[in-house]
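These notes open a run of structures that come right after.
The following pair of complexes shares a single chain, chain A, combined with chain B in the former and chain C in the latter.
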Partner chain A sequence: MLNVAETTGRSLFITTADLEDLAQGAAFLGTGGGGDPYIGRLMAKHAIEEYGAPEIIEASELDDDATVLPAAMLGAPTVLVEKAASGEDIDYSIKRLAQLIGKQADAIMPIEIGGINSVIPVVAAARLGLPLVNCDGMGRAFPELQMVTFNVFGVPATPAVIVDERLETVIVETNDGKRAEDLIRAAAIRMGLSVMISCYPMNGRQVKQYAVKGTLTLALGVGRALSQGRKEGEPIEALLEYLRSTEYYNHCKVLFDGKITDLRRETTGGFSMGHCELAALDGSERRMTVLFQNENLVARVGGKTVAVVPDLICIVDRETGRPVTVEALKYGQRVKVIGTSAAPIMRRPESLAVFGPQAFGLEEEFIPIEEFGERGRI
Partner chain B sequence: MLNVAETTGRSLFITTADLEDLAQGAAFLGTGGGGDPYIGRLMAKHAIEEYGAPEIIEASELDDDATVLPAAMLGAPTVLVEKAASGEDIDYSIKRLAQLIGKQADAIMPIEIGGINSVIPVVAAARLGLPLVNCDGMGRAFPELQMVTFNVFGVPATPAVIVDERLETVIVETNDGKRAEDLIRAAAIRMGLSVMISCYPMNGRQVKQYAVKGTLTLALGVGRALSQGRKEGEPIEALLEYLRSTEYYNHCKVLFDGKITDLRRETTGGFSMGHCELAALDGSERRMTVLFQNENLVARVGGKTVAVVPDLICIVDRETGRPVTVEALKYGQRVKVIGTSAAPIMRRPESLAVFGPQAFGLEEEFIPIEEFGERGRI
Partner chain C sequence: MDVPNCCGAEIYGCPKLLFRYLEDIAIIRIGVDVGGTNTDAVLMDGNDVKAVYKAPTGKNVDEGIMAAVRNVLNMSRVAAGDIQAVMMGTTRFTNAFVERKHLQEVGVIRLALPATRGVPPMIDWPDDIAAVIGKHHYMVAGGYEFDGTPISRLDEKAIASAAKDMQTKGIRKVAVSGVFSPVNSAMEERAGEIVLNELEDASVTLSSHIGRIGLLERENAAIINASLTGLSATFVASFERALARLKIRAPFYISQNDGTLMSAEFVGKYPVLTFASGPTNSIRGAAYLSGLKDALVVDIGGTTTDIGVLVNGFPRESGVSMDVGSVRTNFRMPDILSVGLGGGSLVSRNGKVRVGPRSVGYRLVEQARVFGGKQLTATDIAVAAGFVEVGNPDAVANLAESLVRETANAMHRTVEECVDRMKTSAQPLPLILVGGGSILIREHIAGTNEVVVPQHAQVANAIGASIAQVGGEINKVYSYEQVTREEAVKSAQAEAANQARNAGADENSIEIIDFEELPLAYMPGSAVRIRAKAAGELRLC
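And now, the complex of A and B:
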């Protein structure tokens, strides 16, 4: 799906023309969370206009000893809208991390392709003149920093550099990924819940081994399918067709077609926690419940699970296919709930221990979405 | 007052025999706060027994470009008692700070001579085989990190390295002292409120210019005077006589002799906030109120101020002269309230802006203790 970006010889660049599709695809892969990429998209646009389009490279092109640094935003996206980031804070988090580990950054990578963190690395790569690696650590969005493949396979999350808009900096150093999340979250809250972060410094070998590959172009592809499909009047069909053609999201289906009849949402410990209930539009008595912690975690119909984390549960507008974040859910809204498989690396036992259902306090075991039939598990 | 430590040739060492007096003097200079030095004293004893007694040097002996690193504990002293510190965490905070600034530490210094932070630097100096500088940043105790002379005169508080008992580390970098306090406090709370910290890295010239000098031996002198005085049956007289002989605490008096009739104390944002009221023991109707935030801030008799921060207000047992911390205050306790002048550098306008009455939300202006008469200001 490289046709969505501009190719020059063998090099692939991400241009301002790609940003809307990238953001929309990232919103879908955000599975309700990850933050609205709107502000990030504007920042990426300005950065590309000023510094030029960053080159996209594949993980396989990295030297084993290349230094790859992730760029991300952490906090409440609503706060980001108010404060905006200068861009300087994004650079600074990368530069300070490079300095701390005594290396020069060779490439930037996204750590979370869902939501705003799909475009923050575009800003970083453009500003720093570095290539952007086509991969991330989950192929979706997750609420906590330890919930990435890199942590699953023992890559330390730290040193982690957290920078606010005044370039005030907090650095966390610990070998425990969950502990890093705790300490970083505490700092982010005190720094006003809109900070830039660079963490999980890696070499090329680690990226090649543990990243979820190709997810930047997958996000572009999702957005492109939705845009194209909308022009042709069948956005959701186009989306499903595209997803079926991918390596990770190929098991996909419309889990429910309904309207929102109940919504409970509260902000606890910096997270948007709650659930929504949907009634079927086909006149049947079927009801769906979706539980979320920033991201949608589990979808149940009549109390029976039909999809569960780390598989992706995405709520989209039933006409336009536009992804609806947890923040944007509204009573009466007519939506389709789409479920897709996660990347295979995300479904391994060691991965499920870190971001499977039980890591979110759910009682159920993980069952792959393709193993659920119409009446529950096949 | 160097007679309280063991002299070898021209060198002065702090030995295990000094620790009880040092801790008692430090408790007095803690003015109700600073933490009970008991655990710190045990740690210092073990460190001296294992690594040898650290040499005490004067600030004036420092080369201008010497690297001097403060060692301190931050948090709730009651938690420290439960968790204890390994000593390794103290070393590590110093070593990591040295590494961050790309220097070798030449000497250790106390940043706060009141309370437990009088003895933590003894542990650090013994373990690292470095001399300990006879000075600190206040000549007393204060609740917040920006409340030191170094910050008053523009020495950055950071990089600040905070280390917990698992050697997990948070580093804060900002040029704003109050902001450093906020970020460090947030980390310390998340780390369990018992952390070791090294911050305000300085060169010898800065220490010579801005430190409150001689305070380690002053704390030893206070403790020694109380111990000696107790043997002679007049601890408080002996204490006052010693204080009068000093350069900083020479304006001193018993502000009140009474018993505690009311006590309000609550823990808010990591601080012990409140006040106590005392009734005179001389049969008069005189009442004193002492307000505190960890440390005693202001003493008023019949509503009129008789001593106010940064001058020192210390509550001691009226018989033994033992300093009573805010935590240890009890209803019915018979105590004397002693006020002393602070070091001149602490009373300058720029200092008062950082830790004068208004920095604590008190409405009154600072008036030096020697300007108050029996019936209020002279």
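And now, the complex of A and C:
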């Protein structure tokens, strides 16, 4: 399957030719949020052209005491389209965090594979000449910093280093992940709404235990399935076929095939909250509602839930399969709503306490997507 | 005068607002539309269409334009000296860029450091065009945060030395872009001054004069613009000379993407703003001819159908980024949906009836059955179904009734589906049909409450050019923690109106025609992007 990424001996490199597929796959896994990876993709392209393609390694290849540092962008993706990173800010966040914990970074990892944060670590790894670990902390996108597996299993979010383009830096040390999120977001506003961050410093053992593994190549696979499928005329079929072959997203289905008939958005507490109503295209009276907070949270047909966070709910153009972000939803758009299972580690009770339905203010319990079919026809 | 009227002048339903705002433009003027296929001209006196002319756009575009203007003058018997304005819509500059012709090398100065070093200018351009434009990039300290505070002080010395470098390289077309320049354009303005101090004969394009939020897209637009300013200056000068030869002394305007006019002088500086004026003019022309301000516009040509939406007299704009010649931009483009249905669309039946997307195109007049040809086209079906009388109806008299019915239905369903996709609410809207292929649609279209086919529908583009207004637009990010919402809204609207006034709109006629607020995601309730557009009638002195 990995025929595009360049294979040299046993090593896998991510090249500029992979970036478009990676970005598209990441947009799908972003489940409506995570930011448009377009500008991040260009930054990665530039970094690879200048510094060479970074090597992708598996979590299992890490020594237990290896130092692994995540790289990410935090802020408003709408600001990033104007004020892109310099690259040095990304390096500096990593170097400064390494200095704080008194270690040398051995590898870089993505913390959020959905959206723009799939490509920022590619920039970091290329620039620093470090390998990139094929994993992240969710296998999708989430709006807040504490919503990662590492936090669930007790890895401290801090020290966290937040850097702007002037290399001005805020270091945050807190007692828990949610508090880190609050302080970091407050700092990010004063720093211009688009900052680079490195946090959750980890050793190899922690990554092996708590990361959602293989998600970088999964994002690549999703993007590749879509572009290949588009060439052959059946992008959504190709996508589903690929998802079924994966370990995490194998429970997948088209939850709805419809047209957007209503759209409400409001900004509350810095998040884009809202819902989107769809009418079926098959002439039936079926209606779907998708609620979102930056990312799609729950999909209901006729008031009955058919998929709920942390399982993935992705809206794609019904012809091209192109992922549609929450900002890009429009009345009249013809879309398919695709639901997939999340990685098993994301569905454990302790994980659901941090990013299950109730963490987003929904009243329902989490039910895995594959069990909805069993409990009655969708 | 004789107007070739292939669409007839049937009106379905009664447009209540017919000719309502025609009285507003009580001047004698010529509208010209220079398209890839045809050059159209109309001569209008107030709301009277005095003459229309349509001819293929020849190899020599300028001569074609002059022939069209001369023809409508002769047909209408209006004296050249009585013409008060000439308005033109053209795809000239779009085509030049797409075909990579007549472009000049551009020096790019970006005010941003230390930000944005990760994405240098033209990073995503195709190699062939990047080679034509050259890679003369200068990134210097400057730019703003989203709230208008500087990222760093403008590095004036670096700008001057960039200009000197361009001097030695012989580059005279300069694009200046700055981070968040739509929020504050002061640094771009200053950079432009410095460049002109060093390089007197340079022409400078500032990104804040052209584009919206989105640094790369706006910068790309500025670069494209700069590369075309040589061509635009020549074009404007030669057209002005030609008008003088015809003894027309009236001012000359070109319509831009949003349906408003630019003075000839402005077009010389900002050719890129004409990039989508074709579809805009057809939608605006449809509005004018029908008298409707809110409607769907279906423009059916020989091969394709373009569907747009008229909101408050102007085309609804697309919210997504547009690629022009494979370069990503964020121009103000109308939101258009195109499908392969036109008068020349081929009809086939293989179990199910198919119409298009294959078409005989401009060879319709030889190849369609009603014109003595062998191909079964959508036009043949329209004749067989009794929608229109053109050519020889006997040639299609023996077509199976079921085929005619099914094909006619299929054409209507295609339009219905597009109409449905373009609507933003379930509320039915009137539909205006224009273009030579409008004969294909004669029955009710679901989602609409009436179908209007105005007279002169086949020259809607040129008419659209002749009625364009003068507009101004603003697109800024405000922090509601620093200003109240009312203050922000007021300031945005005042700034848009002011821009319209500066562009030549009559003070008393300026209206806010579009307003949009977009909260920026992921940030606690502060930052909101506001877009306001104002337009008014052209002020004539």
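Quick note on the criterion: the second predicted complex is superposed on the first by the 371 of 378 C-alpha atoms of A that agree within 3 Å, B and C clash if a C-alpha of one lies under 4 Å from a C-alpha of the other, contacts with A are read in each partner's own complex, and residues count from 1 in each chain.
Following the convention adopted for this analysis, a residue touches a chain if its C-beta (ideal position, glycine included) is under 8 Å from a C-beta of that chain, and two chains touch if they have at least 3 such contacts.
Quick caveat, the model's predicted, so the values are computed rather than measured.
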Practice prompt. For A:I189, decide between first (touching chain B), second (touching chain C), both and neither.
Written response: both
Practice prompt. Return first, second, both or neither, reflecting whether A:K304 touches chain B, chain C, both chains, or no partner chain.
Written response: neither
Worksheet item: Of the two partner chains, chain B (first) and chain C (second), which one does A:E88 touch, if any: first, second, both, or neither?
Response: second
Discussion item. Just checking: does A:P143 make contact with chain B only, chain C only, both, or neither of them? Give me first, second, both or neither.
Written reply: second
Worksheet item: Looking at the overlay, what does A:E173 touch: chain B (first), chain C (second), both, or neither?
Response: first
Response to the item:
Per residue count on chain A, the busier partner among chain B and chain C is C
Fill in: chain B/chain C common contact set on chain A
166, 189
Response to the item:
Contacts from chain C onto chain A in the complex sit at residues 112-120, 123-124, 143, 145-146, 151-152, 179-180, 213-216, 319-320, 420-426, 519-529
Practice prompt. Can you check the complex and tell me which residues of chain B touch chain A?
Written response: 166, 168-174, 176, 179, 182-183, 186-187, 189-191
Response to the item:
In the complex, the residues of chain A that touch chain C are 33, 39, 42-43, 45-47, 75-79, 81-90, 123, 143, 165-167, 185, 189, 192-193, 259, 261, 265-272, 294, 326-328, 330-334
